[in-house]
Amino acid sequence: MSHNTFGHLFRVTTFGESHGPAIGCVVDGCPPGIPLVEADVQADLDRRKPGQSRFTTQRREDDRVRILSGVFQDERMAAQVTTGTPIALLIENTDQRSKDYADIRDKFRPGHADLTYEAKYGVRDYRGGGRSSARETASRVAAGAVARKVIAGVRVRGALVQMGPHGIDRANWDWDEIARNPFFCPDAKAAAFFADYLDGLRKAGSSAGAIIELVAEGAPAGWGAPIYGKLDSEIAAALMSINAVKAVEIGDGFGAAELTGEANADEMRAGNGDGPSFLSNHAGGILGGISSGQPIVARFAVKPTSSILAPRRTVTKAGEETEIVTKGRHDPCVGIRAVPVGEAMLACALADAFLRHRGQVGEERRP
Amino acid sequence: MSHNTFGHLFRVTTFGESHGPAIGCVVDGCPPGIPLVEADVQADLDRRKPGQSRFTTQRREDDRVRILSGVFQDERMAAQVTTGTPIALLIENTDQRSKDYADIRDKFRPGHADLTYEAKYGVRDYRGGGRSSARETASRVAAGAVARKVIAGVRVRGALVQMGPHGIDRANWDWDEIARNPFFCPDAKAAAFFADYLDGLRKAGSSAGAIIELVAEGAPAGWGAPIYGKLDSEIAAALMSINAVKAVEIGDGFGAAELTGEANADEMRAGNGDGPSFLSNHAGGILGGISSGQPIVARFAVKPTSSILAPRRTVTKAGEETEIVTKGRHDPCVGIRAVPVGEAMLACALADAFLRHRGQVGEERRP
Amino acid sequence: MSHNTFGHLFRVTTFGESHGPAIGCVVDGCPPGIPLVEADVQADLDRRKPGQSRFTTQRREDDRVRILSGVFQDERMAAQVTTGTPIALLIENTDQRSKDYADIRDKFRPGHADLTYEAKYGVRDYRGGGRSSARETASRVAAGAVARKVIAGVRVRGALVQMGPHGIDRANWDWDEIARNPFFCPDAKAAAFFADYLDGLRKAGSSAGAIIELVAEGAPAGWGAPIYGKLDSEIAAALMSINAVKAVEIGDGFGAAELTGEANADEMRAGNGDGPSFLSNHAGGILGGISSGQPIVARFAVKPTSSILAPRRTVTKAGEETEIVTKGRHDPCVGIRAVPVGEAMLACALADAFLRHRGQVGEERRP
Amino acid sequence: MSHNTFGHLFRVTTFGESHGPAIGCVVDGCPPGIPLVEADVQADLDRRKPGQSRFTTQRREDDRVRILSGVFQDERMAAQVTTGTPIALLIENTDQRSKDYADIRDKFRPGHADLTYEAKYGVRDYRGGGRSSARETASRVAAGAVARKVIAGVRVRGALVQMGPHGIDRANWDWDEIARNPFFCPDAKAAAFFADYLDGLRKAGSSAGAIIELVAEGAPAGWGAPIYGKLDSEIAAALMSINAVKAVEIGDGFGAAELTGEANADEMRAGNGDGPSFLSNHAGGILGGISSGQPIVARFAVKPTSSILAPRRTVTKAGEETEIVTKGRHDPCVGIRAVPVGEAMLACALADAFLRHRGQVGEERRP
């Protein structure tokens, strides 16, 4: 990953600012012959779309995606399929609300990238955060929809497992619950609590962080590569590249540091023909940087939204001390919409690992 | 990062197995004219070298490094300097103890990469873990010694801040203490405790995990790049690529998820000419993927050594159920020697970010 | 270069098919603060645009470019400038003539990529050649317009120096002549001859190849890098990636093989403060893969257009023998419009070399 | 390709200077399970080795290669095989003759990289040309020996087809002749002529250029990728990166510019089940950047050795005018030993294309 491209064989390049004419991405290296229509991508985009509940920004973006290239169908073909050439996906920006940007033009908002973009480039598109806006993540979700099709046998799901200091009760985990509440939360009881909790923060002009858990089931053993192409390393890079993410862990993660070697090592028993059966999954499905055939489990932390109503001390571009209040439309907890974004990044990382594995080693090899 | 190379402009390619003839690396893209002799690299390698206390593996490796290329001095030059061409660093393996490998040849050690290498490649050098051995990290430390010289104004230090479930007392933090105990621990009192704690585990044939904290001071604002070249993303990839690492966080990391937006945003006051002065550093010195000028702070978790004396259930290559005990010379806590390795990876990531920044933007630009 | 991206720090990703909704590119890594408006890009596109004379395809494409991202101007700024974030450039396809594609759908046109796309992907967008259409080169020209601004001190020009077997008379070389004839030919007399020559071929339904010469003046000594980052290697890759190009040479190129060492080596005399003065330029401005400060000279050969009216023997997708005639709108000599495309690729290669040089070595260093 | 690494999935990183302790390379991404011993690599190195006839440099280098990593054999395995991890290949320098380098230390040899390295880096290892020495190509040949095994079904051969202005008679082409003369020349009669011709030049302290032709037979249709990953683009980059190479062409190359579309297009007839049969091969086995199944044919031009005994005018580092005579041991025609080097580069480019194709598209797909 570097610049505005991630991936090696399955490569995604994104572009676009929050208040420019459009955002989008180019998905390069996709295998040919995969059925793909705009509705496939739209479905994932709709899960990330703002303005669907009072807990996300009230900006109204349809986020209608257009496929500009890389797919084809003629009258003899059963479906529109990928051709192996770059798939360009375009999303026009429609609700760039006209407003007075003088405040963020001249002041650095604490917790935002204003200062660092200015330091790096000497110029920045400050409208809505420009390139550093979470709006960019729509492009990731679009790319992720393609990635999911590349790894069709793998199911990638995500869940919000903590909001602010409040974790869910894992005993209540129900994947079906995720679609029923506005938090992508697998614990119905926690979701009910989060609604009240977040309402309070929202009304106070404050914000909350969150922790998201991702699980990919169905990946065979063998994806990833030793050393600097480790699957966990690439997943960590992918997730840490999401706006506002400050931490990533695989399997037991930081918790693994507290275990003894006996407790941490996942013992194995004879499987049913497709590799061994594990008695636990502290490793999160990755050993030595390579998938083990177990579910791949990753978690990431999203910091609280930096756009808040409480005045914060800061400086102007000219270096003078001042205060700033960030008005406008904001997610009180950006971690919520980070769930489909995290899924998309995990799907992309796995698609890339799959293609690279197949390149070096050929079609499926199993122990 | 991918395959066995990391970095984009400052690029490191490593090679070598635990029990092969040698390990080493090629450092490519180093700026010319930097004084560099073997002793510079050796100093860092000696900090990572095994067998220096009873708390690390008793394998005896001198880890003598040879510079094979990329440096030059003639009689008129004041010092041997880098030439801008690839710097090859070679470390011969000298203590590959001859032993019976039948056990690990045919059985998959839980927590190790045995199963996954076999699944991926169908063949593996099982002697001492082969390529997946922590011995590979010596190459990283060698490369890191070069990286430190590239970012000469930046001080990169690391400290072990937790062993097993036992954290240090941050009130006792003393960087000078690190060189005085065998744990790279900045808290003398905790170090004394760790000695007893680890002795107990070691004698029981068990092992412990650890958490390491890295701090880089002196990096200017502006390093890193938006989106997929985010500095935190690259640091996460670099650290997660280290053997046995399962989690990475920047600044407050997972703790940030528990804060409100007011508490998390680092307020700014007028600085003394070189950018603003921050009132806190929850962000760990990185905003929007770009360095802010504050100290860059990262932490990573190392799982407990998987090589333990307690018998663990596993399967053979043929899929039959069995048990395994991992004898031999092992670190009871691989997290200890991960400290200089983590420093090296952070230094490499920063050196690469510095060169890429200079490439796109030119010499220093400050807000 | 790989996939649909070229460059390392100055990176261009293109997308789009001949008869899809749009083509375009994402220019990543552009330095910030460079004035850039759509008219800058349009000027170069207009030089490549089809339908400007009877010697190019009669397809009517306005080739209007839109900048979707990566630039910014507010009311206090003197000009719209690049921000350092990705610059997306979009060109809608407007003249995708509806026609019967049955012939090229089922038959492989000799000299075209029909067979090989089918062999590789198993599916292809055959309308107008799909991704393999020369239409893709519009994206390169758009990117090249940005690249020219990155290397503002370097003048990149191209000229058609041979059509079919007919070379120009170099004694007549006049750069100003290039804009006066439809062939980008610097020899007015040759241009007059080419008009008749190509009319004859066009009316006969035949086609001609061409040789193009590129010259970049003003590049300082030091760009490029040894071994696999050689400037000539990257220029060769860039030019050979253009549709229908079959050969590339630098300086004297194949002619150098016929010289003795004495004749080939470019002698030097004292310069005027900015490096030595050369007595000849057999090397084409590149020594050891690094620019010498002399003009960089490259030539490339474009094969004759494969779309011709004469029936050619071929096979169908089913493997049956048949014949094919390629009707439709085609350039009788695609080499003509390859001139601005070649300039664009050279400009991109130089922009990338400049940024990488600055990254490794810092601001200008001269002997 | 960039820096000192080439390839994407099959990646080669080289290092080393002419008069440093050693040269070598790291071959990364090699598929596992391929039998590989040092003798395999040595055989190719011996073909390139200097001092084998009076027509190459008299420097005596054994060029003994050691495999330091990436292969494994235990007592139950039939052969030593690749493991999928990096293969480090080391060649010690043994005949770095001690001599007075004052002349080339302070003067820029015309035609050499002295000036440009100095301009770029401000420092250079001038002993024997340092990194810019053709000695580096031994590393390429070593890597190429591995690449040949990766594409085991493809036969890659090269031949010297022109020396100075003297071309061979293609009617005399006999591949077996190549091993019988010191020029890798397939025309016995031309070889006899070259011996006299080169003796004359050698005794006069002069030198000659050469043209080499490479042919790869057995590559299936489908390797390579559209646009910037074109197979011809990658071959061009690979060959142009070889020292002293100034031109590359595929198939008819520059000659294609002189043909009409009718003459140039390779017609097809029904094949024998494995793709169509072509009636000619003007395209050199590549259409649209993708292999067609025909033999892949490339040619490249090598300039005459720049190290000659005739005094040439030049300048010193201080900018003063002077003359230089290049004494020492040199190849009177570096093009001769470029034959195995070119083969190696073509093999590497094909191995990389094969793995990338397999990554995106999976195991063999044929039209």
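Structural remarks
Chains: A, B, C and D, in written order; residue numbering restarts at 1 for each.
One rule holds in what follows: a residue touches a chain if its C-beta (ideal position, glycine included) is under 8 Å from a C-beta of that chain, and two chains touch if they have at least 3 such contacts.
Since this is a predicted model, take the numbers as computed values, not measurements.
Under the contact definition stated at the top, the chains bordering both chain A and chain B are C, D. Where chain B touches chain C, over half of the residue numbers in use are shared by the two copies, so each contributes mostly the same positions. Comparing the centres of all chains, each the average of its CA atoms, the largest separation from chain A belongs to D. Taking the mean of the C-alpha atoms as each chain's centre, chain C and chain D sit 26 Å apart. Centres computed as Cα averages put chain A at a distance of 44 Å from chain D. Here the spacing of chain A and chain C, counted between their Cα centres, is 38 Å. Across the assembly, chain C contributes residues 3-5, 8, 14, 29, 32, 84-85, 120-122, 131, 226, 356, 361 that each touch 2 or more other chains. Those residues of chain A that touch chain C in the complex are listed here as 3-5, 11, 13-17, 20-24, 26, 28-29, 32-33, 66, 68-70, 72, 74, 77, 81, 83-88, 90, 101, 105, 120-125, 130-131. Within the complex, the chain A residues that touch chain B are 1-6, 8, 14, 108-113, 115-122, 131-132, 136, 162, 164-165, 201, 206-211, 220-230, 232-241, 243, 245-254, 256-271, 275-276, 279, 282-284, 286-293, 301-308, 310, 312-315, 317, 319-321, 335, 356-357, 361, 365-367. For chain D in complex with chain A, the residues that touch the partner chain are 8-9, 29-32, 84-85, 226, 355-356, 358-363.
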